[in-house]
């Protein structure tokens, strides 16, 4: 307990209420400081892009880049100051300008204009920096998620192969239905991850640079007015120069160059959210199945993790599965917020409402992906128990066979009268259908797509 | 008012509470009877596929197909009877079997087995039919949506071109910001539709055929036991035959053939929902902007529609935009339900919870797309009013220019002191930046993707 | 299959995709025709209220009432015509006016004004009728839901009492934890329903009557201009007369009389949705627990329902629980839409987006409540199986006891070494804590609140 | 930018991406450290309650309380360690036990048992502590929100009174409809806040204490085994003693004492979420209206805030309204997650998924409430502009009057022909209906409920 109460210190939070991401790479990659780093990286890249286009001196771009890299940011203070303008970029730019001014005074100014601070954030608007930073943060986090998905899929492919013929009961509506194999179950999980990973990979996250309302007018104006002979540059030429900068800007950051600024066209963000929700759901599938299979009465798999309880010393909780499920129950709800339609060239609320749910989509999904690797690598599978459970109903598990031979209704009649199942219960491994072949097909598809 | 109260008749509903889709193609394509038609089409295709694989007599497949096509379905009764099994396929199959039995008796049976009704739904489970029917319905509706999007985009491309240089105020947070052109606004709408359309087009909706738990065991069993010499067919051969049927089944229906049954791996449905939500949001963008631009005090555009009011004779409500917005406010919430993770080989609730929100995603989005064509084709644009509004602030609209020349803080100082704006207000068309070029770029991208 | 394809007939839908409500009272009470009935009832009540306030002739009110009661409404046609005005009231009023005109001509007009049709919808706006109709429909459906909840609670109270001391394993994170009783489980379900029922009961659904923008101006104007001596009625007097009508209107319909029109203040609708979502979640709890307890491997309860499968003759699916769960997975998502904030005196989209999700909240929840009665009344409980399962771990279920005696870590050590559990496994019924007393407390609270 | 990259430091976050709550009381009251403080407060209260019931020595309770108050918690470390058990209580209890052990050694042990650390968390489970801490945090935050709502309502009541007769245009579907007064608009906002505040006030947030699965078995066992003569305490007596502790526990914390543990019956949490979403929507209403009214072209109100832009020196953005809207667009989506139904006595995922959305519901709503006070206290209202806008349509605003006099269709005819509006436009203040009286009624209702 802190001695002086909760209000004394700035309220900073980690993963206390979100253990699925506590201490994971995704959490670090999406922290406040990761976000301010990305904002500063965007400002630095903008200056470099403008210098490449010969619109500002190289020395100024270098000074801005150096200063941005060294700037110590008080994220909580920035957040508070950002309330005035409803976003934190305004105070960040102000701090960066001041730091550049100070650095210019210290360093002297070979090759620098009078007031190099004015070249910070040139022709940009807050949204350019927020959106670009979000795309940078997302790109990095998506990269980490993709890597974890690749590992998880490798493990699943191994499980699917190893248990291609391991008989277990398939269950529909909670009831044993017919036999299947654990390999096919694992292959099904793999299919989900593969589709989800492919969606992540197909994303082309773009930089954003359009100025106040997506027309690049301020930069074009800068081009016109700083050209040697005023009036020598036509509007069209200035526009083309500005567009060139937008392209360089994306290049500098390794982001896609969109055909036009997307500040009012938010499908990028909604697609990203939907792709992350798809990953969270795909990860939630094995986690959910494992919770069901690990039940005391089922016992067909177990987590390697301790899964301890604060009260009951014997408990072996499927803690990692539970963590993953906690993410898959949240992410779709957050992703949905990202589809909110806003008005005009920057929405009064809909844009600002994106930031928090986007971050949680990234980090809860990322945490779940990292947790899934841990879960799957340590998963313990108990084929004997699977077989024993498949025999629990004394052959009812293959009663569908009766329906094939006699018709569904006649089969029910037979079962009611205690028919052919009275004798030796049939072997469930004799009723696997194409389960092993389906494993082969899924593995082949997986290998093609790796 | 019905004389005998609401409980007397079966409760059937149209678009009364959803005028955005009332009477639209999407509504018809997703009605209860469209769904039962699709279920019956799936049963017929299954029989044809099995006949192609020489697992059932061609005459039987033909009889099943003919009977399915002629079956008169009481959807409400089916719905009620389906409560017992938590889905409507069980009673539908029962009705179809009875009809086939009756038809066989009537027709005589050259080439038919003793009880051809047993070949109905052979090796299938309810979910095979529900999921496949959903994909058929979705394919048709997505086709209609795509066509409407194509038309809407054509109209938007025309607007963008025509108004490439039509000056208007861009607005951020509800405030006039800097000049833009109406062409760029229309081009932005176009970009959103284009991305959304491409997502729809990229969908490959698959057939579903896996039997009770996705192993095709019952069909494989059928293969084994109906082969001339019992025991002559190995499990592997029977499995391959069953897999072949699954491929034929998809072909017969014009659906994609998935590597394996997806009954427990629902990303197909979630992706479909997300793609439709993306369309709904993309359509919501012009609708939202039009509501704002059509305000009495703004008056820059108007709908051609009557938009009448029951009380106020002078009102010209942007009714079509309102309808579209009503869809875009609902679809993301419904789509989110489609990401619910279920357990095991068929979920006890999560699967059944998909049907209603999937239908509304399809038909609300479809209704919005059709409405958008009507909206955009009739949109009236008032360039004079745009220009007048852009001049409302006496030049403040281009005050950003001051910031370019003097730095942002100095510019604010100048404005506070009533600086250079006292004279003749500057012409907003002189501060368009790259707006016209951005229109060109977007149109070029659009034309490449058509 | 219909011969001429889906587009031929108007697309009407029942519960095919929502078996949880198929054929239930809630479905009938919320059908399109229930809604148009309620709209007409609102129009009739408005005329009666105005007649009570002596603002229109009694004969006119009676004619309007009679005509409204007899009007045959084509809901689908209304829906289509309603697109123009973005709501179906405009065409409905038009039809009612025409019918009144026709009836007046037929009936002759003792006591009727020249054009009694002009007195239809007097001083009202579309939203008055839509909102009031929604509240009428909701009141009736909430009444049906409350009755079903009362029945369900009575059954649960019986179960709780009967099984007050029936030992079973409590389970946390899917693992057996410590013993509890089935009575306490049932009492927990009861607690949830009781809270949810009390929320429903606390709702006071209000009539809506405010005219074009909630000021009652048109009715006040009518008062002023129809008074004997023009100018004899002050604005204040006209306003008070209009407010009196609003009160009468609510009275006539048995709805609450709000302090002011709530057309722009939608918390009524959001509260209703939240209360319904609470019911759906409360019903989802027993349904979910029953699915888990009815698993083949657990077998502690079973539904009485057939729960048949189209493929597997032995299956006894927990179909009713599945239906209820399908509702509880949807309703919270729909209810959420009802919290959308709209602008000004009537929102351009947010209002119209309420209708569909409100209806589904009502009918899915209502269907779930009716289904829950069926589920609980037929629930089969297997105490022997509960006891046997509680003994599965050979006493680990009461290992917490060791922690009480030796401390949690020491207890884990003991367990690891195969300690005191080697002997006779302890009796779980000796470790019930206060479970029976908690049942008593909950039942007492329930009886107080009935 | 931090020199060593994002992964180096623990990822802690403030309000950078949620300026609506940055630096607000609600943010502080819901921080990680507020949560761990509340957990420790729960542990201390549990010991006190057990001491009051004479189940543990007073000295032990005091030692535990003192140690809990002094414990320095590394929330990020706790979060990471909590992954093993899927919640942070297990490591926190371990730290507290260790600290108690150390303190006992230092302090000597007059009146203490051998190992007082074993009395920490006695008879409790992790969920008892998490849920109770959540209710403590919620109670405090709800208190702060209620206070802000009270202030906001006071301001609104003043606005409503002051502008009771200030004429402005009411707007429906974005179009001017009929006249209203700004006082009635403010009174409508007040109504929404009043309902939302009353819902908050009606909440009775309960403590949670039930042990491993809600039966209080461990504490009852402790009672039995620590009584002077073993066997002297009956099960019933032990159960009653345990229930007494549960009552004391709630008392110690100032929370409600529920009839039974609610660990598996989560309606408390869902109700809390729904109540917060109602507040967020109620706050979103004035914020939304203000954004629309503050538009450049409308200009009827303005925020006092700076609302600066990083690019455009002239902009006066409605920044506070935007912040509030960002909250009202998120909270309903988060609240919805709190309605997720879980299985058995503690859900494997659904419980853990509550924590993050509950926190954001609390703090976004709290931030919005505090921001709303700032917004409303500084709101600038421009009656002249309101009147001017109301005259914009040259009298069309009162065209409804024509409909009252001539019937709606005839009125439209008149308008089309340029009828009676050609002359002097009528005064909108002559068509206010009951607007002023409605203000009076709402204010009277408000004053009754304060």
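Per-chain residue numbering starts at 1, and chain names A, B, C and D are given in the order in which the chains are listed.
Heads up, the rule we're going with is that a contact is a pair of C-beta atoms (placed from the backbone, for glycine too) under 8 Å apart; a residue touches a chain by one contact, two chains touch by 3 or more.
What you see is a predicted model, and the numbers here were worked out from it, not measured in a lab.
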Original post:
Within the chain touch network, how many edges lie on the shortest path between subunit B and subunit D?
Top reply: 1
Original post:
Looking at B-C and A-C, which pair shares more C-beta contacts?
Top reply: B-C
Original post:
Taking each chain's centre as its mean C-alpha position, how far apart are subunit A and subunit B in Å?
Top reply: 25
**OP:** Find the geometric centre of each of subunit B and subunit C from their Cα atoms only, then give the gap between the two centres in Å, rounded to an integer.
**Re:** 28
**OP:** With chain centres taken as the means of their Cα atoms, state the distance from subunit A to subunit C in Å.
**Re:** 36
Original post:
Using the touch rule from the top of the page, what residues of subunit A touch 2 or more other chains?
Top reply: 86, 125, 171-174, 177-178, 211-212, 218, 288, 291-292, 307, 309-312, 317-319, 322, 325, 328-329, 333, 336, 340, 348, 400, 403
Original post:
Of all residues in subunit A, which touch subunit B in the complex?
Top reply: 86, 115, 117-118, 123, 125, 127, 170-174, 177-180, 184, 187-189, 191-192, 195-196, 199, 211-222, 225, 235-236, 238-240, 242-243, 259-262, 264-267, 270-271, 274, 277-278, 280-282, 284-285, 288-289, 291-292, 325, 328-329, 331-333, 335-336, 339-348, 400-401, 403-405, 407, 431-438, 441-442, 444-445
Original post:
For subunit D, which residues are in contact with subunit A within the complex?
Top reply: 1-3, 6-7, 9-20, 22-23, 25, 27-37, 40-41, 68-73, 75-76, 78-80, 82-90, 93, 121, 124-126, 211-212, 218, 287-288, 291, 305-312, 317-330, 333-334, 336-337, 340, 348-350, 352-353, 355-357, 359-360, 364, 371
**OP:** Mind listing the subunit A positions that touch subunit C in their complex?
**Re:** 169, 171-178, 291-292, 294-298, 307, 309-319, 322, 389, 392-393, 396, 399-400, 402-403, 408-409, 411-412, 414-415
